[in-house]
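One structure below.
Which chain is which? They are A, B, C, D, E and F, in the order written, and residues in each are numbered from 1.
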Amino acid sequence: MITVKDILDYIETLAPCSLKMEWDNVGLLCGDANCPVHKIMVALDPFESVCYEAYDAGADLLITHHPLIFVPPHSITTQTSVGRSIMFLCEKGISTINAHTNLDCAPGGVNDILAQTLELEDISVMEPKGLLRMGTFSTELPYFLAHVKHKLGTPMLRYVDGGKPVHKVAVGGGACADGLMDVYDAGCDTFVTADVKYNQFWDAKDLGINLIDAGHFYTENPVCAHLARQLSEQFPELVVEISKKHRDCMEFA
Amino acid sequence: MITVKDILDYIETLAPCSLKMEWDNVGLLCGDANCPVHKIMVALDPFESVCYEAYDAGADLLITHHPLIFVPPHSITTQTSVGRSIMFLCEKGISTINAHTNLDCAPGGVNDILAQTLELEDISVMEPKGLLRMGTFSTELPYFLAHVKHKLGTPMLRYVDGGKPVHKVAVGGGACADGLMDVYDAGCDTFVTADVKYNQFWDAKDLGINLIDAGHFYTENPVCAHLARQLSEQFPELVVEISKKHRDCMEFA
Amino acid sequence: MITVKDILDYIETLAPCSLKMEWDNVGLLCGDANCPVHKIMVALDPFESVCYEAYDAGADLLITHHPLIFVPPHSITTQTSVGRSIMFLCEKGISTINAHTNLDCAPGGVNDILAQTLELEDISVMEPKGLLRMGTFSTELPYFLAHVKHKLGTPMLRYVDGGKPVHKVAVGGGACADGLMDVYDAGCDTFVTADVKYNQFWDAKDLGINLIDAGHFYTENPVCAHLARQLSEQFPELVVEISKKHRDCMEFA
Amino acid sequence: MITVKDILDYIETLAPCSLKMEWDNVGLLCGDANCPVHKIMVALDPFESVCYEAYDAGADLLITHHPLIFVPPHSITTQTSVGRSIMFLCEKGISTINAHTNLDCAPGGVNDILAQTLELEDISVMEPKGLLRMGTFSTELPYFLAHVKHKLGTPMLRYVDGGKPVHKVAVGGGACADGLMDVYDAGCDTFVTADVKYNQFWDAKDLGINLIDAGHFYTENPVCAHLARQLSEQFPELVVEISKKHRDCMEFA
Amino acid sequence: MITVKDILDYIETLAPCSLKMEWDNVGLLCGDANCPVHKIMVALDPFESVCYEAYDAGADLLITHHPLIFVPPHSITTQTSVGRSIMFLCEKGISTINAHTNLDCAPGGVNDILAQTLELEDISVMEPKGLLRMGTFSTELPYFLAHVKHKLGTPMLRYVDGGKPVHKVAVGGGACADGLMDVYDAGCDTFVTADVKYNQFWDAKDLGINLIDAGHFYTENPVCAHLARQLSEQFPELVVEISKKHRDCMEFA
Amino acid sequence: MITVKDILDYIETLAPCSLKMEWDNVGLLCGDANCPVHKIMVALDPFESVCYEAYDAGADLLITHHPLIFVPPHSITTQTSVGRSIMFLCEKGISTINAHTNLDCAPGGVNDILAQTLELEDISVMEPKGLLRMGTFSTELPYFLAHVKHKLGTPMLRYVDGGKPVHKVAVGGGACADGLMDVYDAGCDTFVTADVKYNQFWDAKDLGINLIDAGHFYTENPVCAHLARQLSEQFPELVVEISKKHRDCMEFA
């Protein structure tokens, strides 16, 4: 019989906790390590709707990238979304595991998958922290923008034109724009990330870097399919399902 | 129909949150404020065994003095006692409310009840913080020790003889011995509290104060009966029950 | 003869320094208060290109919303954009004044102008901090989105549909999404701000609030025209010009 | 002629200062390293009464476990017990040396002597910090309680029954109950220490550990005789005396 | 019989503790408040040699401006000058009282006496902190320098010429040069203080202020005679003596 | 063509930035690394008058020991001396480089040159921090005082007589008196430094050390000539000039 602990041990081989940032919270954040597991749901986030979907699908384990608990809570009540999620998961006996910045950094993790999805070549770790990846992809910026949209499924990009053709590309799924100086120091001309702020676009313009906000969801979600595939191969007796309903709630108009 | 919110509102009148110490955690720490309440269990602590007892008794609300959550948790799992309690309460749909340092300070709260139980006279608030109480009770120390044991049901006291007969008595339920200088400044000769440490006994001897450790459980538990009685009177349609099994786990040999 | 000091004194009447946030830097950040002023350029930012434009236009004073110096610099060199701007301004004898969070909060400042531009009715200050504004505008969300784009000139909005029609609208120019709980507590159904992050969109969805990111530049820039008009009226002998070249560097694709 | 410095150097070989906790204060805390020494008094504490006893006995050096100065004093006056002790020692020319957490950790120090006094077998250091000791002693809990009382001379124990027979025993003289998780991780079933608080007894019960509070004085005092013997052997020309009057001031009733 | 406590109470009327800076240490720093006093020695500092002089003179109380204990000591030994002083005072039964920043600020204290000694007119408190004094004295700088040397007995002054004649003079005994901006804001042209550093002389030159370092000892010592006189008048039955040997150890060459 | 960058690289070989104290600010603090350099002015400080002298002399680079910017400024205006200096340097296109604590520590830097100027023998680094130097010079103190005045050109010394002839001398240019315990531990009898405070003279007397304040300017300025010579030799095509007007603003009377 496979237990939550077995899955946790396998995820440790994929994304060791030692790789996580100091402020992060990863691992089994809710549930019972000794519970048997029959069906796993994989999703980017453990939002309430995803918890319901996991239950409806008959999953007894939910594996996500973002943590269920980020700020340790003073209470677990229906007043907050996190409280409602925890109460529901406890009531239904569903455990939740997450791999966050450890999966960002891990070989074959969020940023490697993002680089591969964007079909970069000669992919390598970009900075000592081990978070970002870089690789080559030579084209003009408008073609690269179309390529990013197509490969990630992002409906709309926000970007600043750094004034150079695309050749050396850095990627960081989610909110990585504060790594801009590292990107510059690494000699990259283009940076794909998300949640970019006004002054960060200007900093990029100033440094002559094409900075592209391709969406937090779209830059990280590709890792889910990869993770689900790895879990299926490792535990062929389990059903592993990717959330069908979870998508970006943000729209463009 | 009475809800958890109604009980919470009533407890706010007894022990307003504004009275709590800054570091404390009180109120609805687990559950749903909108749930209907039919039966309440009152206990000093929300330990696992008390949660089970509440469930066995059919209670849908557990009211305690000590908080269910003190250090906000990074995860809710079966690895820790607090995790198991929260998971069980969520699964069984039992809400938990607590009143801690707000109840210590409140008129008619832990320390007022302790002073009354010890039959002090002319009871008053002792220091600006509003936590401790003092009153008079004139006798020799050995007789007072016997009186404390009898009234609180403590099987054994730990104490230091300050060299004076008992006349002006300070009380502080639970671990209040760091208020010793306040007790001295207030002119008391005797101090009943709990969880007293080695150097605190020596400090008391040095100051000439009879310092009596009457047990954390025994100095605070009297408030439970008082609180249960108040709840019964306020909500006659509810069943209010005091935990029958919860007692001090510490023994003397 | 009008000096930089005279302008500074007038701006103090419009946006008193006492209104600024503690961490902010406002006032005369570069130059000489005693210099005579003949021509003023007004712009949202004191970026390098704006400094050049001011010089080309013959301005001897540049007035902006964002500060020239945010993190006090250890050196003033051509290595950084801020260094280059300061060196150029000193060389050309152009002074720079800014009004940042004081102008956000001031009556007739950034957020009042934003609320007026969006044609809200019954505009009032929303929270004790005095930063945000709220007012009424009743319509369906799609119509409101079109209205915001039209009035602010934003080419594209990012938003989450909170599931309610628009009625009570909060506004905060620039990055104000961390005021979301204040917006909720004020009973608003819709919030227009900028630089919104992934989890903030989800928080809004969770709270049932229509959250609209209308762009940092587009939500704040309307104040420039208003400020220029006020300066012209106060100092009719001066030429006051709004930057013609400064616009958002961020594009959509 | 033997000086205070000679004794200090010898104690450094027994309990090197490098072993002390960062917050601790050890060594020559009052007096003159160059003074000749003829008679030493050894005691657990440098309380006022012990200082008087040392003087009455003709000692010119007082060696204790607990430090004379813990919180560095802003003044040395008769207002405080520490002030009175320092003034008396200076007046009478008596130096004071202490070895506190360095002696707790040292081989042959407080915790080794405690383990030996309790006749544990296969004694070893328990955790990386080097403070606690563990060893084996197989019996039922009631017999072990009697054994502890007999060997340490403690008049009364406070304990929680962890539900297991005694086999693997951890010991920590004085207030070491915050090392409970280390004791659990080391696989011990029983822990002898002192100054245990209410919630620590409950934590032990929760972890299934027999936790015994055998008194701060009684768990540490055995080291005095050992230390006195070592000093006598090293300095046969000196008179070394153990305090006759110093005992626990705390009593049971 | 007059006790140390009586003197302490009188000094509280001259220089209330409430006037002291937060970081300062004043009052009875060594000794016994209940000891009878027959003879007082007054000195600027409680250095070792002054303690010996007090003993040789038969004083049972030493009153100084600077505190005996500034950094609370971890030990009282012959290793340090402070330790040796405390040990000697305790051995000889001499108490020590000091009034430091409270005496700097007090009416009739260090800075008032300094201003009077320099024969300033219209003396007033200079800044909200209440530390510095200012007054008028109109002359050319070279004459003022000679006046300062003559009145304070300073063998040599260090100064910077601010380029203005002397008219409005600020004074601060001891190391007060970091109050330079306050002096400037108060419109003074000349500042007499001590322990002035290189960059402070340059700052003064930059601000056009005549900054004069008249020596820490010479600017503060005048208060001793004044204090001794006050004590003699208040307690005619006591002998009050000013240290004869204590003078500045620093020389010029 | 030689650029500012070339000079910066050469200074890095003389006084590597890695030698600077953590709190210090060194290197190119104002200007453009790519500017051509024809003439360098060397001075101890970048005060306003020195900036004017550099301009009058036709220098395009100013090299100093003390930094132009110490506390990073919130604004660059004519209100402050630093602001005026930066504005003038930017206007005139003069770059400024400094080497501060890195030059204090460097071989051949401030303290080595000071030791050589004082003709010490067997000069070596004194403490692990690498700041101070020591060497031998055997004479009586009065002769040494005369020697120091003569060699450094200091018009007047301040000193305390430690009661010993001069033999082992420590030196530290500028304000190094807080290294007094290091000087004592190194076995030196004499210490030449500057900006010595009242209590530091007393500490020296207490430790039996001859402590000599030879002036901040006079103990550091000798390095300027040495640095100018090195620059001339390395860059023979440049004109290197030492400030003629900059001298200590402090005078004795």
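Note that a residue touches a chain if its C-beta (ideal position, glycine included) is under 8 Å from a C-beta of that chain, and two chains touch if they have at least 3 such contacts.
In this text, all values refer to a predicted model and were calculated from it rather than measured experimentally.
For the two copies, subunit E and subunit F, the CA superposition rotation is 180 degrees, given to the nearest 5. In a homomeric contact, the two copies may use the same or different surfaces; for subunit A and subunit C, over half of the interface residue numbers are shared, pointing to the same surface. Chain geometry summary: the mean Cα position of subunit C and that of subunit D are 66 Å apart.
Per-chain CA centroids place subunit A at a distance of 54 Å from subunit F. Multi-chain contact residues, meaning those touching two or more other chains, do not occur anywhere in subunit E.
If touching chains are joined by edges, the resulting network of the protein chains shown is one closed cycle, each chain touching exactly two neighbours.
Circular chain order, beginning with subunit A and continuing to subunit B, reads A, B, D, E, F, C (contacts as defined at the top).
Of all residues in subunit D, those touching subunit E in their complex are 25, 27-34, 69, 71-79, 86-87, 90-91, 93. Of all residues in subunit B, those touching subunit D in their complex are 45, 47-48, 81, 142, 145-146, 149, 156-161, 174-175, 194-198, 201-203, 205-206, 216-217, 249-253.
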